[in-house]
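First subunit A sits with subunit B, and in the next complex the same chain sits with subunit C.
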Partner chain A sequence: MATVSAAVRRDWLVGYAMVAPVVLGALAFVVLPLGMVVWYSLHEWNVLANTFTFVGAENYGRMAADDGLADALLASLWFSIGLVVLNIVLALLLAVLLNQRLPGTTTFRTFFFSPVVVSLVAWTIVWSFLLQADGGINGFLAVLGVDGPNWLRHETTAMIAVIIVQVFKNVGLNMILFLAALQGVPEELQEAARLDGAGAWRRFRSITLPLISPTILLVSIITIVGSLEVFAQIDVLTGGGPGNSTTVLVYYLYQQAFRFNEFGYASAIAVLLFVIVLVLTLLQWQSRKRWVFHEV
Partner chain B sequence: MKSDVLPVTTPGTSEPGAPTGPPGTPGTAVAGPARPRRLGARARRGWNRWLLVVLLALLSVPFVFPTWWMATSSLKPMSEILRRVPTIWPQDPTLDAYGQVFTLQPFAQQYWNSLYIAALVTIGTMLVAAMAGYAFARIRFPGANALFVLVLVGLLVPSEVTIVPLFRIVNSLGLMNTHWPLIVIPILGAPAVLAVFIMRQFFLALPTELEEAGRIDGLGRWGIFWRIALPLSRSALGAVAIFTFLKSWNLYLEPIVYLSSKESFTLPQALTQYVDAYGGPMWNVQLAATTLTVLPVLAVFLVAQKQFVQGLAHSGLKG
Partner chain C sequence: MSAQHTPRRTAVTAAAFGAVLALTACGGGTDAPVGEPDAPAEPVDLRMTVWTADEAQLELFQSIADDYVAENPELVSGVTFETIPFEDYTTSLTTQLAGGNAPDLAWIFESNAPEFVASGALADLRPLLESTEGYALDDIVPSALGLWEDSEGLYAYPFSTSPFAMFVNTDQIAAADQTDPAELVASGGWTFDAARDIAAATAEDSGKQGLVVRDFDYQTWENLATVWSGWAAAPWSEDGTQCTFTEPEMVEAMTWIHDAAFEDGAMPGPGTTADFFAGDAAMTITQISRASALDGSFDWDVVPLPAGPAGQQNVVGQAGIGVFAAGEHPDVAADFLAHFTNPENAEQLAGYFPPPRASLLNAETLAGANPSLSAEQLQAVVVEGVEDAVTKPAHKNFAQLSETVRAELDALWTEDADVEAVLTDTCSAITPLLEE
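Then we have the complex of A and B:
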């Protein structure tokens, strides 16, 4: 290192200066809070009495015995599975349809993408208006002679509603990512398979799908991690109800912290959430070698 | 930047039958037997194509109808909204709800709050992410990799994980019910990491020749970044700007944790506050406020949608 010239050193200094804001930001707003949340999770924290006592792993023991938390984990699981499956399948379907060079493709693409730029809370409010017992959807069902349910007041339909609202909001983004990937599939490969007598489904399964697998991996990761962070939709549509049927993990965390002032316990739940996200992301990256055709 | 990544209708692709190849020239041996089968297939494909268009139109309904329903319902008086059989077009259009939007809450102030916060976050993120992305991609300073990994940790941390400690930090700094946490944390914290990553990937892929030329012309590293690299990164910056703005504009958990007075509320938070004395939503007012929130962004999107879609596609692919 002694041979490094002054000019190179100056270059390094510029480099440190340029990364300083994000590095300090990462320390102050990511690493420090992560450490704090672990520290908090080992304490019993009564905000009203202003006491902060070390209790070791007690909050984690409480988590193991907490039925509410088990329900929240289950709700998160259902929500994530429903969302990811519906989202990926619908996004692929739309992308494949838009890739057929059909008339009106540009307009349809605009339609499918437009909810992405609509404010999330605004989109959710409109859907909650549509899903009321006497709302638009049941109104139109009534015209058809169907008696629609009170969507947001039944446990099963409420969960389905929350999933569907979220799928339509964001599927356009995934569709665009898939569309870009589909455009990268060489026409010659398709043509060669066609001449060999491969049908449309076979060509899709054996050529298109493997070639766009890196994008599917990327989109799955984004969607799964995103599905764990669902908050505004739940708060506006159902408030976690009916009962606690749509109280997903993040909503449970929020309730514990900011409704019941259980900051210590909420921090333990936050640690759990972090571990789940970490494990899911690592698993996805681990599995990529098995089913991804080539690296991005 | 390839323009053919997305199906922006180019003259070549709108030609019907173009993908099936040129019609066989009569003299060749291959074209003879293949021809009749191909014609039959093409006729069937014609039918199938129209069926697919109908399918696309049906699939569009849940994407387009809510926005339509929002805009038209905001013009309906409450009595018409509550009618059992819905009316597609308001029979007795009124702007009453729009007046109430502004009298029940300081809506103009809230609108401005959202707008200026999102603008500052967007500009700040672009600047900070471009600098960091450039340095991580181009300057080989000791510890660069370790620092980059440190920054990347932010990608793994949902904002809900750190909300309790951040709330304590903001509280102890006396910044509750101010906009500071909504501006500073997104620019420097976890939300900016994706932007840093996108900018780094962009600069990694950018050829270095132009920067070499700048160096020969006597520019220092800082000058090369500002005068050469930054102007070249306009497309990546555009993608960063779009998704950063939308993210800030949509922020919901943070405002409801940090903000408590109606004057300081941002739009997503304000929209949920139009409730009657019993806590039930005042639908027409809420939908009017929602329409005012949604339509400007939607209009910008429709005008600049090519940039939107391509920018997001590129950022996503490289991110």
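Then we have the complex of A and C:
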């Protein structure tokens, strides 16, 4: 490499100085704690007795025999499938509808986006009242002559309720992302296809979908990662119940650490969660070459 | 967005938990007894965590603390009482411990007592309290100390031994033409069945709720001990090693509770909130210390817990104040505790918390500070309520037991539940935890 002039070096210095706060912050508050979680996961840590004993991979071995963890993984799987499918389909549907040039679309956009900016806990608490046995939803159903279930007290309806509360909370964000992508689809392509006799569904499938596929990739990554991080909704709505039906992985982790004081084991579960998210994201990233338009 | 961002996103989540952990200093615990404090280089600030947010109670604590600070300026510069909400109290407390931020003193629930005592987290107070002049440790009723002792050590002062009682909205009951529970108490007919019938009839008349076991909410199942004790039932054996949920008396008690909620409409079902003190229910089982929540908007009475098939059984909830061995100044904290709970201050505290001191357990002392309760009520409910009382369930593995039983009992809280089968499942689930 040729010698670097003093001016270029000074540029580098300024550049490093500019990024230093972010890099140092990330090191101190992201990388270091992450490393410490891995370190803690190799220990048995009893907070009350104030003991911290190195146990090697024992916490990881314990996971294999932990039925509660298996149940939590299964609950997370159901939650993620329900949330991702419902959220993406609904967001895309809303985006397509709101992409029409019709009166009132701005109002509807605002309407669907507003839950995104509402405080998560406030949103969930309001829903917890609506979902009570004698709450607003069953009151509405009763007007229609339907006897609604006690939503949060049955295993199936509790999971469905938690998924729907979360979908309504965040569908607006995905909708806006899809809407931006749809507005980037060139009108002349649509017009050319129309002249060639393609119907609405054919145009959507062969022109719109491929052109917005990068956004679908982005939205599915965000939504899957988000679905694995769900906590507050579970805590407020069901507390993991009934039974353990809505005890998803992060809630299980929270119970182990903050209720049972098993900080070492909880750290091992945090590492497992990290690996799951990493693998899922890498899989999606690898698969993009097969279906994302600009990558094919 | 690129894929590189996603692991970072996860890292942020992990960091949220990690950050708490990262701040920790892991020193070695000790349950060595605390003694007379040496004066620290600088007067220290003490911190006590509590779950009350009642301003009058906090004011009383502060005034007792201010006296101590005035008397011991070389030891203490101030005492702070930090309120942590009741619902998340123990979780928040242990999180503070994990973060290396142990309070100097803390209130502790009776259900967690065995866990805290056995862990060595608390300092042994006995030598200091025994040697403190005028403290009169032997005035404390021995049964009140049981939960807080381990061999020779005493790890907390049971500042509150609060009996559970039945509060009654006499307006609603009279409007429904039901017999006044006080009359039933007098005639010896005050049973759980009578209470259920009155509750169901009153709820039907008022359109509100009948009998509420306060703070149970189909989650905090240990509060049902106030009911099943009338059947002489218990969740596990006295030594804590055997599950007794499947014993006939427990099956019968749980069937009674199930039917009261799902067949008779005497208790609100799951997912229905009803606050007795706001006038939403005819009766509630709760601790006597909640009397301060009554604002005079309706006529009320307070009577002892009804009798079950096994007779009348008093139930008390206890709370202790302990000194954390991992706190910065356990000696000073313990010295403050000895002041905070000495006979003179215990009498002041007795205004809100039924005291463990025999000399104070009489209607006269309690009446001075409980203007809303009559001498008869205090005698019947508090003084006699502490006699031969059982405490709510406690265990050294309580956190896990509590969660596991909660999850299993969820299957009981449906209309067509098979009570015996659910309780059998509960025992299968908790037996390994009891044996740990």
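What we mean here is this: the second predicted complex is superposed on the first by the 292 of 296 C-alpha atoms of A that agree within 3 Å, B and C clash if a C-alpha of one lies under 4 Å from a C-alpha of the other, contacts with A are read in each partner's own complex, and residues count from 1 in each chain.
Quick note on the criterion: contacts are C-beta pairs under 8 Å (C-beta built on N, C-alpha and C of every residue); 3 or more make two chains touch, one makes a residue touch a chain.
Bear in mind the structure is a predicted one, so any value in this text is a computation, not a measurement.
When the shared chain is aligned, subunit B comes close enough to touch A:177, but subunit C does not. When the two complexes are overlaid on their common chain A, residue A:159 makes contact with neither subunit B nor subunit C.
By the touch criterion defined above, A:105 lies against subunit B but remains apart from subunit C after alignment on the C-alpha atoms of chain A.
By the touch criterion defined above, A:140 reaches subunit B but does not reach subunit C. When the shared chain is aligned, subunit B comes close enough to touch A:15, but subunit C does not.
Of the two partner chains, neither subunit B nor subunit C is touched by A:69. By the touch criterion stated above, A:30 is placed in contact with subunit B and with subunit C alike.
When the two complexes are superposed, the chain touching more residues of subunit A, out of subunit B and subunit C, is B. Of the two partner chains, both subunit B and subunit C are touched by A:274. By the touch criterion stated above, A:234 is placed in contact with neither subunit B nor subunit C. Note: residues 26, 29-34, 36-37, 40, 134, 218, 222, 225, 229, 250, 253, 257-258, 263, 266-267, 270-271, 273-274, 277-278, 281 of subunit A belong to the subunit B contact set and to the subunit C contact set alike, using the contact criterion stated above. Looking at the complex, you find that subunit B touches subunit A at residues 4-9, 13-14, 19, 21, 49, 52-53, 55-57, 59-60, 62-64, 66-67, 69-70, 73, 82, 84-86, 128-129, 131-132, 134-136, 139-142, 144, 147, 150-151, 153-154, 156-169, 185, 187-190, 192-193, 196, 220-222, 225, 246, 249-250, 252-253, 256-257, 267-269, 271-272, 281, 283, 286-287, 290, 293-294, 297-298, 300-302, 305, 308-309, 312-314, 316-317, 319. On subunit C, the positions that touch subunit A within their shared complex are 1, 3, 6-15, 17-19, 21-22, 26-29, 91, 94-95, 97-98, 115-116, 119-121, 218-219, 269-273, 325-326, 399-400, 403, 406-408, 410-411, 413-414.
Every residue of subunit A that touches subunit B in the complex is listed here, in rising order: 1, 10-12, 14-16, 18-19, 21-34, 36-37, 40, 94, 97-106, 108-123, 125-130, 134, 136, 139-140, 142-143, 164, 168, 172-173, 176-177, 179-181, 183-184, 187, 191, 215, 218, 222, 225, 228-229, 231-232, 235-236, 250, 253-254, 257-258, 263, 266-267, 270-271, 273-274, 277-278, 281, 296.
Contact residues of subunit A toward subunit C in the complex are 26, 29-34, 36-37, 40, 45-52, 131-135, 150-154, 218, 221-222, 225, 229, 239-244, 250, 253, 255, 257-261, 263, 266-267, 270-271, 273-274, 277-278, 281-282, 284-285.
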